[in-house]
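Below: a set of structures, written as structure tokens.
Note that subunit A is present in both complexes that follow, paired respectively with subunit B and with subunit C.
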Partner chain A sequence: MAVGLDKVRPENIHEEKSLILEGMDISGHWNRMFDPRVLTDYSVENLEKVAALPGGESLMWCYGCAKCTGVCPVDIVGDYSPRKIHRKTQAGMDLFTSPDLWLCTTCMNCLRVCPKEVNMIHIMPAVREQAVLNGEVPPELQKAFEDTAKHGNPLGQPQRKRADWAKSAGVPVPILKDLKRPVDVLWYVGSYPSYHPRGMDAARAAARIFNALGIDFGILGAEEKDDGDSQRLAGEKGLFEMLAEQNIAAFSKYEFNRMVVTGPHEFNAFKHEYPKYGGDFTVLHYTRFLVEHLDTLKPMLKKPLNPSTSSGRSLKVTFHDPCYLGRHNGEYDAPRELLRTIPGVELVEMGRCRENGYCCGGGGGGMWLDSHTKDHTQMRLSERRVREAAEYGAEVLAVCCPFEVSRFEDAAKSTGNDKLLVRDILELLDESMKG
Partner chain B sequence: MASDTVLIIGGGPAGLEAARLLGDLGQKAVLVEQKSVLGGRPIDESYAALTHGFRSAEEAMNELITAAQANPSVSIRTGWEVAECSGAAGDFNVRLVKSGNGTSETVNAGSIIVATGFQHFDPGRETQMYGYYEYDDVITLGDAEKMLKEHKFVIPSKGSAPERVCFIQCVGSRDRQIGNEYCSKVCCGISSKLAIEIRQQSPSTKVFIFYIDMRMYGYWENEIYWPAQEKHHVQYVKGIITEIIRKGDRLLVRGEDTTMGRPMEVPMDVVVLAVGMEPSKGTKDVAKILGLKQNKYNFIEVPHDALDPTATSVPGIFVAGAAAGPKDLDDTMSMAGAAAMKAASTIRKLQNSNSKLQSASA
Partner chain C sequence: MNIVVAIKQIPNLTDELEINSEGTGLDHDAVQYVLNEFDEHAIEEAVLTKESAGGSVTVIGVDTTGELNEALHTALAKGADKAAKVTGDYPRGTDSHTQAKLLADAIKGLAPEVVFAGVQAADDRDGQMGPMLAAHLGMPYVGVVTGVTASGGKIIVHKEYAGGVMAEFEVTLPAVIGVQAAHQPPRYAPVSKIRQIAKTAKADELSGGEAAGAGSTVRRMFKPEAAGHAEMWGDNADEVAEKIAGLLRDKGLLK
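Moving on, here comes the complex of A and B:
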């Protein structure tokens, strides 16, 4: 079958002979519509309410061309797109209490193609902020907010253990507080690389790479807090502002030339949002930072990663563009340059890549809305993406966003693509340096 | 010897503009208007603001009228009609009759400009069920213009400000059963302009536009459509209303909301029918009198529309404005300029060749 033509043959469609849904017997030839068919009114008030919010104005601008629907990652697995949100709200839907409010991952693919510049990256946080104030938040997201507020990270892990991962890195990971001298690079590690088991693998790999390259770096350790950008996009602006102030205060305590971040969300926060709160620092995502050191790095990559060196066949690696590195910040090349430098690796592009890259589902709070999203879509975005990687014949799905490793690994398992390995580019570089 | 007079039939925007330009050229022009007043549809139907540009229609038309009237080369006959025509380019003899008393006069003209315009589609003739003559609160674009001009946009049956107004597009246009297969070209823009004016005059009124396609070509897109939607919050819904039924003291519009894929039955206080253009009675009568070919919709046929948009089937007779089909004001004024130039050059070419012949024979 041609790639992408995921057609289902009629014999593969099974209808339930008897089905009871939420206590209602809908056996037999049931109607696919349960809501009243006829639209009996247009309550424009709800659309006016959204448009009245600072940031919500542009929802009113939609003229229904539906270019967004064609690229919306959520619409592929569900019934959701900015155009549909505009129309439903125009027809009276209350977005403030609708489950649709929490499906947008702020991936920005809609805005990329929108002729009217309807900006969901502004609309969604604006409406969500009101929903948060009204207490209309899915419980799992509320828990992530509370954990972030309490522990400084959405995983709910103790703040004092934030640098514990470094103990088993096998190389020194200097903490600025102890170092007591200026450094070239402040490495902002991030919450998932600090606490999530698979994130820690990437953090340790980064530590080893930085050491091998002789980078003069330090981390904040227990003084580092979550960047808060995804919480902001999920509607918790107050929490974001608190974290921004705390992080800016911590950054300002030390002398450094520039910051390097592990994650694209942190990159986005420090580059675009923190300056609004007085925190204006030079920040690089690790992929761009390492590309700067490519001449030094290249000779260190001695071990080819292909499975059998004798056959000469290379390892097929595909790359998933993080929304907040690619579309939001225009960086498509650095990760690819790194991958191409690794011996034994063949970079295979998926159909949806670069500007049109698919979304893993983790952005804009999606990281903490797994159950909600699962209840309102056919499959997780990460599952759709893993299937695409497998369709294109990839053996390794390479990522460079700490949200993604765990999401894609879970998705590889749940979709039966266990053979597909999910690796941070840091891990692949580290592995190749072991030669 | 060719007559040095251009006869202009019709005193609307096209005729007035042609008269003014011919006068500026020093060409003699006689403008005939069957009504007692000049200005055409914008004055006759009390337009509020012009589409596009939002200038007061009355003010803009008065400027044109004054310019034509003040020109010594232009003679204006209001209240006169064209009754008969004979001759050919350079030497047309057109008999004019004064309305009412039957006084008659013949004008010898070298060329003729027909600027007899359009009339709005009569919504009583539509095949759908909009009930224009049954429901007080179903009105046309022209009715809306009148109310807006008086700054009194109200529910006609109640006299109070409407809570909800909707426009239904393409009434009498793009319809094989009605016989008007063409798009009337201006109604999308005019409805949107009126919607903006309603929102400005009555900010609490919600305004909806039900449409098949919004045809906002060129700058109408960014000058009318986008501001209507983005600044004035006019609600556009794709899907045309099929019928209007009375519900209590309001109107229920029924149709399909096509992008929602659902039927709709929504209450409205005022329904504005975006009626399209048809050739005016004057256009149809004058075409017959002058022997001009008409197209299947009875507009005056323009054989080479794209490259020669003002030439009719008869040499020496030119057409400007909506007598030739649906036109906006921009088209109309451009055509008036082109027709004036063609009419004047027809006369001058004939005069030149006559004088050459005379000098050759001498």
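Moving on, here comes the complex of A and C:
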């Protein structure tokens, strides 16, 4: 751990002069020694409450080996991991009302190493769903739920303006409703690329690349709704189901061979969740799709991205593996292949990469829990990540998840790493094609 | 306290609004219908009143879309106890006069102590639903209410006037209250909960009578027409400042 990163801020340590805790007098200086309370003194009620939920069972299986604690991205900036959740719940913590419930980003790094298959990807949504039903949701997350339910996107933007970004793409972006013919590719753009200013940059870049490659594609425009996967993982399963039904109905109206998505969360939703609701489509993340077209793409990448070609020094680019593309779906190579193809780029790997990639903090609802997470950790996960990128001497932090550009750009500013540029791979490709 | 909330569905204003081919109204089939935002406040205030003073909340509306259940289930998920709908041959965009008459007939049988309604709706914007309901029911009406306190068979309502002036009224019951805003923002009903309720809940169906007639007719409806055009002065601050100063000088506003 970096120097100066105490897990508990000194100002948060309160020393009571006299204190009786659960019937035990623990008055006195904080380092007085006590006999540990025997675990069997506690009621297992709270643990059983979690395990009784469909999806919550595996919390019981933990045998405390702590492999997860070493890899949990939240533990690196705070005090967290499945083992700790298990232990605290065993010792009486009510996970249903604890702030801990909202810190897991469902990044899946713990499950990767856990010998007992304690599965936070199932436990967290199950418990959160109950909290949501009881109305115990952090307000910022509730706002995102409300906006998604009302407007079809968590940013609260008007549904009818979903394709407005395309007007300034400089190339045609056909909308399937107007096109009235089958297409090869249905491009599901996603909420952040449709509405967030930095997401739109990536969407426009993608439109130009698809056009240059001569892809026969169309988008849904105002018929497209948020995929809802992150809302599901944050506990609003009903909202996810509603969106899934609406999106599947929209997809089914048109004829296409396969779907290409801008974001890993959408990829995950369409690949693993939508089939459960009758929406079974061939879906590719844009990185894999573009790698398929590498032979055509490569000669188009004319402009080297390094600052000065004469010095021969290349641009140091590092890549952040999105949890939902990498660990959740096993795609580590396509983004790297694209980056290596761009002239003038040197790919530098960070220590935490590929299977052990760090998390940006945006998954599992984290995108909409910024204040909550900030109140319960030392620094944002995105801030930890940009520091790592800077430590490795990267000039550009390349990403391929629409949640990440704004998260990392904010983090670069707040940590004083303003010089670190954050770019979607789409933007880098587009830039190089301009040569 | 026996509380009834009268609700109404209106076109979703975040959608593209289409005018019908006659140019006399909206193309109702091309727009999506949602619950009137002021009615969301009326439901919230009703549930808050129930939570503080006890009693029950019944939510009722005229089903003009065949989709009213969605709004009713949402209200139940927020804490209403019962839901009812008036059904019959009432098309989308049925005028507020007809809806008020139908609702009044239905509400009579519910013997309410207080009826909440949204103070206005974004479709006809005449703010007449509440007053007409009150007239049909023979009850007093107070509108533009931003908070209700119930105690001992009476309610105190907080009413807003223009220019930030506020007043409190003691209202003898039964009465109809036009809610401008609940005293806290309408709560979120998780879609998970709404979907659970949708599986089991059943709204009482009441068949309504004749349409009452709108009381007014729309002769022409049209989208805003551009008159003149704006001139863009670019983004160079110095040049733009120079031009603004020049313009003010030309108009004699600067010497």
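We take it that the second predicted complex is superposed on the first by the 394 of 435 C-alpha atoms of A that agree within 3 Å, B and C clash if a C-alpha of one lies under 4 Å from a C-alpha of the other, contacts with A are read in each partner's own complex, and residues count from 1 in each chain.
Keep in mind that, in the parts below, a residue touches a chain if its C-beta (ideal position, glycine included) is under 8 Å from a C-beta of that chain, and two chains touch if they have at least 3 such contacts.
Just so it is clear, the model here is predicted, and its values are computed rather than measured.
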{"item": "Partner chain(s) touched by A:61 [first = subunit B, second = subunit C, both, neither]", "value": "first"}
{"item": "First (subunit B), second (subunit C), both or neither touched by A:281", "value": "neither"}
{"item": "Contacts of A:241 with subunit B and subunit C, given as first, second, both or neither", "value": "second"}
{"item": "Which of subunit B and subunit C A:332 touches, first, second, both or neither", "value": "neither"}
{"item": "A:37 touches, of subunit B and subunit C: first, second, both or neither?", "value": "first"}
{"item": "Touched partner set for A:51, first subunit B, second subunit C, both or neither", "value": "first"}
{"item": "First (subunit B), second (subunit C), both or neither touched by A:254", "value": "neither"}
{"item": "Residues of subunit A that touch subunit B when the two form their complex", "value": "37-42, 44, 47-48, 51, 57, 60-61, 63-64, 83, 87-88, 90-91, 116"}
{"item": "Touching residues (chain side subunit A, partner subunit C) in the complex", "value": "129, 132-133, 135, 137, 142, 145-146, 149-151, 158-160, 222, 236-239, 241-242"}
{"item": "Interface residues, subunit B side, partner subunit A - complex", "value": "206, 208, 214, 225-226, 229-230, 233, 235-238, 257, 259-260, 262-267"}
{"item": "Contact set on subunit C toward subunit A in their complex", "value": "14-16, 187-188, 190-196"}
